[in-house]
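In what follows, structures are represented as structure tokens.
Presented sequentially are two complexes of chain A, the first with chain B as partner and the second with chain C.
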Partner chain A sequence: MTLNALLFQALNGLSSASSLFLVAAGLSLIFGVTRIVNIAHGSLYMLGTYIAYSLAMHIGGALGFWGGIVATAVVVGILGALIEIVLLRRIYRAPELFQLLATFALVLIINDAALWIWGPEDLLGPRAPGLRDAIEILGRHLPTYDLFLIFVGPVVLIAMHLALARTRLGRLVRAATQDREMVGALGVNQAILFTVVFALGSALAGLGGALQVAREPANLSTDLTAISDAFVVVVVGGMGSIGGAYLAAVIIAEVKALCIGIGVLHIAGMALNFSKLTLVAEFLVMAIVLIVRPYGLLGRVQAAVRSIAEPEEPIRAATPTFKLFATAVLVILIFMPLLARNSPYTLVLGIDVLIAVLFATSLHFIMGPGGMHSFGHAAYFGLGAYGAALLVKWLGAPMSVALIAAPAVALAGGLLFGWFAVRLEGVYLAMITLAFAQIVWALVFQWEELTGGSNGVIGVWPPPPFDKSGFYFLLTLALTALGVFLLRRFLFAPFGYAMRAGRDSPLRAEAIGIHVKRVHWLGFAIAGCVCGIAGGLFAFAKGSISPETIHVQRSIDGLVMVLLGGIQTLTGPIVGASLFATLQDTVMRQTEYWRALLGGIILVLVLAFPGGIVGAFTRLFTKRAAVT
Partner chain B sequence: MYTRLFASLAFAVTLAAPAMAQQTIKIGELNSYKSQPAFLDPYKKGWEMAIEEINAKGGVLGKKLEVISRDDGANPGTAVRAADELVTREGVSILAGTFLSNVGLAVTNFAGQKKVFFLAAEPLTDKITWQDGNKYTFRLRASTYMQTAMLMPETLAAHKKRWALVYPNFEYGQAAAAAFKELMKAKQPDFEVVTEQATPLGKIDAGAVAQAIDDAKPDGIFNVLFGGDLAKFVREGNTRGIFKNRTVVSLLSGEPEYLDPLRDEAPVGWIVTGYPWNKIKIPEHAAFLKAYQAKYHDYPRLGSVVGYVTMKSLAAGIAKAKSTEPDKLVEAFKGLKIDGPFGPFYYRAIDHQATMGCFVGKIALENGKGTMVDFKYVDGTSVMPPDSEIKKLRPASAN
Partner chain C sequence: MSDLSIRALSKAFGGVHAVREVSFVIERGEFLAMIGPNGAGKSTCFNMINGQLAPDSGEILFENRNIAGLRPREIWRLGIGRTFQVAATFHSMTVVENVQMALISHAGETYHLWRPAAELHRAHALDLLQQVGMRDAADKPSRVLAYGDVKRVELAIALANEPRLLLMDEPTAGMAPRERNELIALVKRLVVERGISVLFTEHSMDVVFAFADRIIVLARGRLIADGTAAAIRDNPKVQEVYFGTGKTFAAKASP
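Showing the complex of A and B:
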């Protein structure tokens, strides 16, 4: 690779960086002020590309293209404002992270809406009028549109910087990022401020998407791609730092361009294909940055956020009524194989639901009582599943050994990743768990000789009598009940109290002699270990596993289950997982637009039960008790 | 509100009603409709038309065919559950469909384990019929190896020495690149790979990839990208002039699903496999085209043909077996002859692979749209490795 080639790839990287930066800047702005983890941000970006495509094609010419891009930003901004006013404003007082659930529902709905409006085919927009060709730089051709994009990023960066530094709105935004309660106390209308910020952030996403119209086709899968990229950029740059976001975008884009530029390298007789690294480059960068700088490149220590949600009730031991109820449920489940003799599918679904319950409960263990929001819980699920499946594949291990190995492998992963993760806080912790999960995913995906690559491992079936779904159901039930009971037992042991003390007040906990980091680290490992059991059970239930087992989608599903049930209750994850797993299964069969239907149901649940289903019921009962 | 919640819960756990006396022959179909709509929307239209035609003629064995279709969620876990649901709840003994290679493999394995018949429609990985094949699984589409081999004559005729490979980084792309290298090394001793770009599926950084290929100064480019990745790569490549004076050989790019979104930027001169729907002179195809356009007021994509032939194959197989029992169906499918829109083909007994071929030709621009010229139909039988090799590849238990 010559120096000129290297320099030229750097230019390519800069133009990609601009696109990354635009999405990330909007996300950072919204998160900074409202503290909402808005996963629908990528959907707004996707809508931007689609709307700009339609405008460019229907109006045509320079007006349709350039005017269309501006109009798109405005339209998407208005849409963002509507989302904030109609939906999010109703649930600001819900427990933290709950808004994530609402935005997740929006992702599903917007995706199906786009499918309905624009159809399934990729839509490649026109080339940019005036910027169709390439100019020669360093003996190579650089598209003029890329050159234009290289300047767009910094221009938006400077404009945002000036707006934040010099205008009244900018001052309010900065103040709200620091301490939004104080801003409210000083008489600023928070409702309007939030709406404006949401609209601005959305407009930036729309602009980012619209600018892509000349480079890539509008495509229904860009929403998730964009959101994961945007999160990485925001976190690497440091939450709330616009300059940091640009710096991070440049670094990530340059690393990728460099990997592509290097291509295949021969080191000591081994051919190393660097282009394959692009699969996970941004997550490697993120993990390294967060380990070295816990608040991102230019981020500062996060100001404490006084939650505006109602304070959480301390957890209480089960009442006799509840114990009776739980026993009854368990007994019914034990007799399930007999009850469902005529409908074997009930058992197949039952196995999936039980596995989801174990997965969600283990996630809740660190998320709720531990206060560590893991966005990468699928890693331990996948480690368990692959641990079990690979033992069967390579060593011919029996199921019993494989199912013991599953939690052991996941425990090792939990210990390793947890050690790094507990050193961080809040959203940074969440993102490093995501980074680890993605790295595990990429490793499994790339290490073909061992893991079977994208095909995964097939032919992992349970031996008789467990090949009958009735027996496998009972096995799953036994292990799930054991896992759930064990986690509950931990929470009511001194260890559990110590973990919650560390969550609620790290300083005081340290003062009375609790080693908070160590307790949280062990909590992390325990959750990973139990999650590994779920993974092992999953492998044998399906007979095959593939990298999707570890995919970010599964991590998000886990979050949705926990939040749906209610993060502040212990039965929440069980109810949430059961409901979500059965819903997903049923809804998929109902209509072609099942994603929108699922999203719609979740939205209804979100609005009806802020605090989750179990949370809402508990509150109902306690209120009644208080009245009587 | 609560009633609605409980209603959906109750609905979800409701035990299925015992199967009613069978008035129809049920076929379980599963595919990644949500994740790959560009190919699978036309595919669904194709099989719906086939079922309509079959039932209009009185069905099979005196019964009508009924397809129960499911979304497989584009991942093996959900796919296996959907397959399980079709088998245990709907009581089907015949499965068909799937698009992605890994999903197809998982369902293949499921079919072998549960002893149900499975006709893999679209997944291209060689492993479905070779390394991981089993008794109960057949496959319709020409595999990755077959399609790569079909491109070989034109590729060798160009006689280029230095090659750049670009492919999506998952089973399909990796297998195609491996097959290309293997075939080229065997037939052209001075063949040399100057760069290999394995790009993340759906996330190609097209500018940088195009540039890296240009910097490696290849004489020829072998492309396996499809869908959105292909569109991005073609636009960047055209703008940067990297295709000039280079032979480009490309899998699937002549399929309308992937060619049409490129409109007037279709890369002229690429040697591709594809489906020139408006130029095929085969009489069976003319009839298919006419019926399809009359029904949908749209032209067929390759997916339409695959969906159509999938159901036609199953109907023919059931008629020949005079049964829907998987074991009898397996026997009937061995050597089963089908007259599809591309003319006659058959399902091979040795590896359960259909011999339905592909059209190989060059991309050209006509009336501002991409199309194929100088194309010919290459039958699947002509590119198969010798039987002795296939016997070595396929597990003994699969026969």
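Showing the complex of A and C:
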């Protein structure tokens, strides 16, 4: 590997940094002012590529390409404004997590809309008119378009900096980033400010996507990749810092480029393949940065947004009616294998639902009472699943041993990752949990010798009598009921109270001798451990597992389940998980556009039941009680 | 015997010397008021004693042990209770659960996973609430309480670890005048009964001069006076600091 080759890779890195920056800058701008973490930002980027492709193909020529790119930015900006006016404006006062959920619903809807309009094939756009050639630099050929991209990033950075520093709108944006309530109190029309900022941020995402049209094909999976890349960049650079975003984009793109450039390196007889690191490189960078600088490279401690979420009711021990109801449900479930003798599908669905319940309840344990919004709970599910499956595969371990190992492996993961995670708060905590989940995913994906890589592990079947779905259902029911019962018990015990105390008021909790970080750390580990049981059960239920098990999609499914049911209630995750898993297994299978359907359902729920389903019921009953 | 002895305590934020070489003592059972105009360094001083800030230099001796730089939870374990300037309770818990939480922590049961917390130390917690006059509100969510009542609950929480020293940063901030006197009278009665030493800051001079055993005055980070109410009233330095601002007490001394 020569120095020239390294430098050349560094140039390549710079051109990738520009598009990373465009997406991230828009996200950062929107977050700074509206405090909304817009997951649909990646979808706007994806739409940018598709729209630019269509314009370039239909109009053609330089006008179609270059004019198309500008037009795309405008169109996506308008779309962003529409999204803000129609949807987000209704939920600014909702809890932060609900906003996440709503924007996630948009991801699903936009993805299916793109599938409907452009179809499932990858679409490769034309090469840029006027910049088709490559020039020779350092003895290699660099496409002139890449060279052009290298300059786009800094130009946009400077333009944004000037706009923020010199214009009236820029001053308002900076003021709102520091204290939006004060800006509102000074008589600024927040509604218009928010819409404009959202439109600008969206236009940047659209521009970023459009510029990719000559480099990479339009693809339906770019929405999630773009948003996770953008998140990493924003978090590394510091939320709300545009300069930080560029710095972070450069660092991450360079690290990735260098990993590819270095390739396989032989150190002391060991072959180390650096190019394999690209999948985790950005998450490693993020984990390191967050540990050293918890608010990002150029970020500052966030001014606390005065809490606008509805306060939580004190938890009450189960009433006799509730106990009776729970027992009745449990009894019906125990007789399920008999009742559903003739419909094996019902039992399979039942197993899926039970596993989802355990998964969601363990996530709720840290999200609700712990106040730690984990975006990477799939990691512990995956650790449990792989822990069990690999024991069976390599050591021929019996199911009983594998099912004990599953929570143990997940507990170890929870202890390790949790130790870092509890040092952070809010969005930063969410992002580092996501980073850890991605690292686990990449590890599983790339360590083919051990895990089978993308093929996964097959042949993980339960021994008789559990090979009959009726018996496996009962086993799943027993472990799920045990897990849910234990977690509930912990929440009513001093430990659960201490966890809530640390969430409600960390200062006050420390002032009465509670080691808040340690309590939250152990809570994190307990949740991981219980989630591992769900993972182990999943492996034997499916007979095979793949890296899909740990995919970010699963983490988000968990969030949706918890929020659907209602985060402030203890039965919420159970109801939410049951509903979600049932919908996923039944309605979703009926249509090609299940994502949009799910997104639509989520939006309705978010707008109609901001306290989740169980929360809505509770309120209904308390109102009734107040009337009578 | 002195309970708390502060020696040459200093803290700077950037170039601002918030607290400079402050020294004073609190005798056992003493009700000591710390006063001074805004920005005098009272809260910084407080936060160093309760562990929220680490001092740049100086010693904080509690029962002859240097506690400077210890964490809040460690200081609490040694027997120092505190209330907050802006009252903070655990808003997702009931009033009695707030007190129970402190009792649970004091008993070293924080990590217990099995017995429901609602059953633990309830009688003791109710008793503490009785003493601060909040027994009737025990099972209400703490977030629905009026601010003055929250302050009372805080006091019950602060008494849970049977402290020998109580730190109260503006215990009556945000309260109506009558409530103020009632609360301080309550605190005074409780600490006399239990022999607790108290260090408190206060802006209401009526309260300070009516209840404090001794008063120390801070101005621009320095201790400028230390004495009885009468001595402080007549101290020319104190008069200078307060002159033209909060003249709630009239100068009697002739110039």
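By definition in this document, the second predicted complex is superposed on the first by the 626 of 628 C-alpha atoms of A that agree within 3 Å, B and C clash if a C-alpha of one lies under 4 Å from a C-alpha of the other, contacts with A are read in each partner's own complex, and residues count from 1 in each chain.
Everything below uses one rule, namely that contacts are C-beta pairs under 8 Å (C-beta built on N, C-alpha and C of every residue); 3 or more make two chains touch, one makes a residue touch a chain.
Just so you know, these numbers come straight off a predicted model, no measurement behind them.
Set side by side, chain B and chain C differ in how many residues of chain A they touch, and the one touching more is B. The residues of chain A shared by its contacts with chain B and with chain C come to none at all. In the complex of the two chains, the chain C residues touching chain A come out as 50, 52, 71-73, 76-77, 82, 84, 88-94, 97, 100-102, 104-106, 109-118, 120, 141, 143, 157, 160-161. Those residues of chain B that touch chain A in the complex are listed here as 1, 4-5, 8-9, 11-13, 15-16, 18, 33-35, 37-38, 40-41, 70-71, 73, 75-78, 80-82, 84-85, 88-89, 101-102, 105-106, 108-110, 113, 125, 127, 132, 169-171, 174, 193, 195-200, 202-203, 205-209, 211-212, 214-216, 227-228, 231-232, 235-236, 239-241, 257, 260-263, 265.
The residues of chain A lying in touch with chain C in their complex are 311-315, 317, 489-490, 492-498, 500-501, 503-505, 507-515, 519, 522. Against chain B, the residues of chain A that register as touching in their complex are 1-2, 5, 8-9, 12-13, 15-16, 115, 119-124, 127, 132-134, 140-143, 145-146, 215-217, 219-221, 225, 256-257, 260-261, 263-264, 273, 275-276, 278-279, 339-340, 342-346, 348-349, 352, 445, 448, 453-456, 458-459, 461, 469, 538, 542-546, 548-549, 551, 553, 579, 582-583, 585-586, 588-589, 592, 594-595, 601, 604-605, 608, 613.
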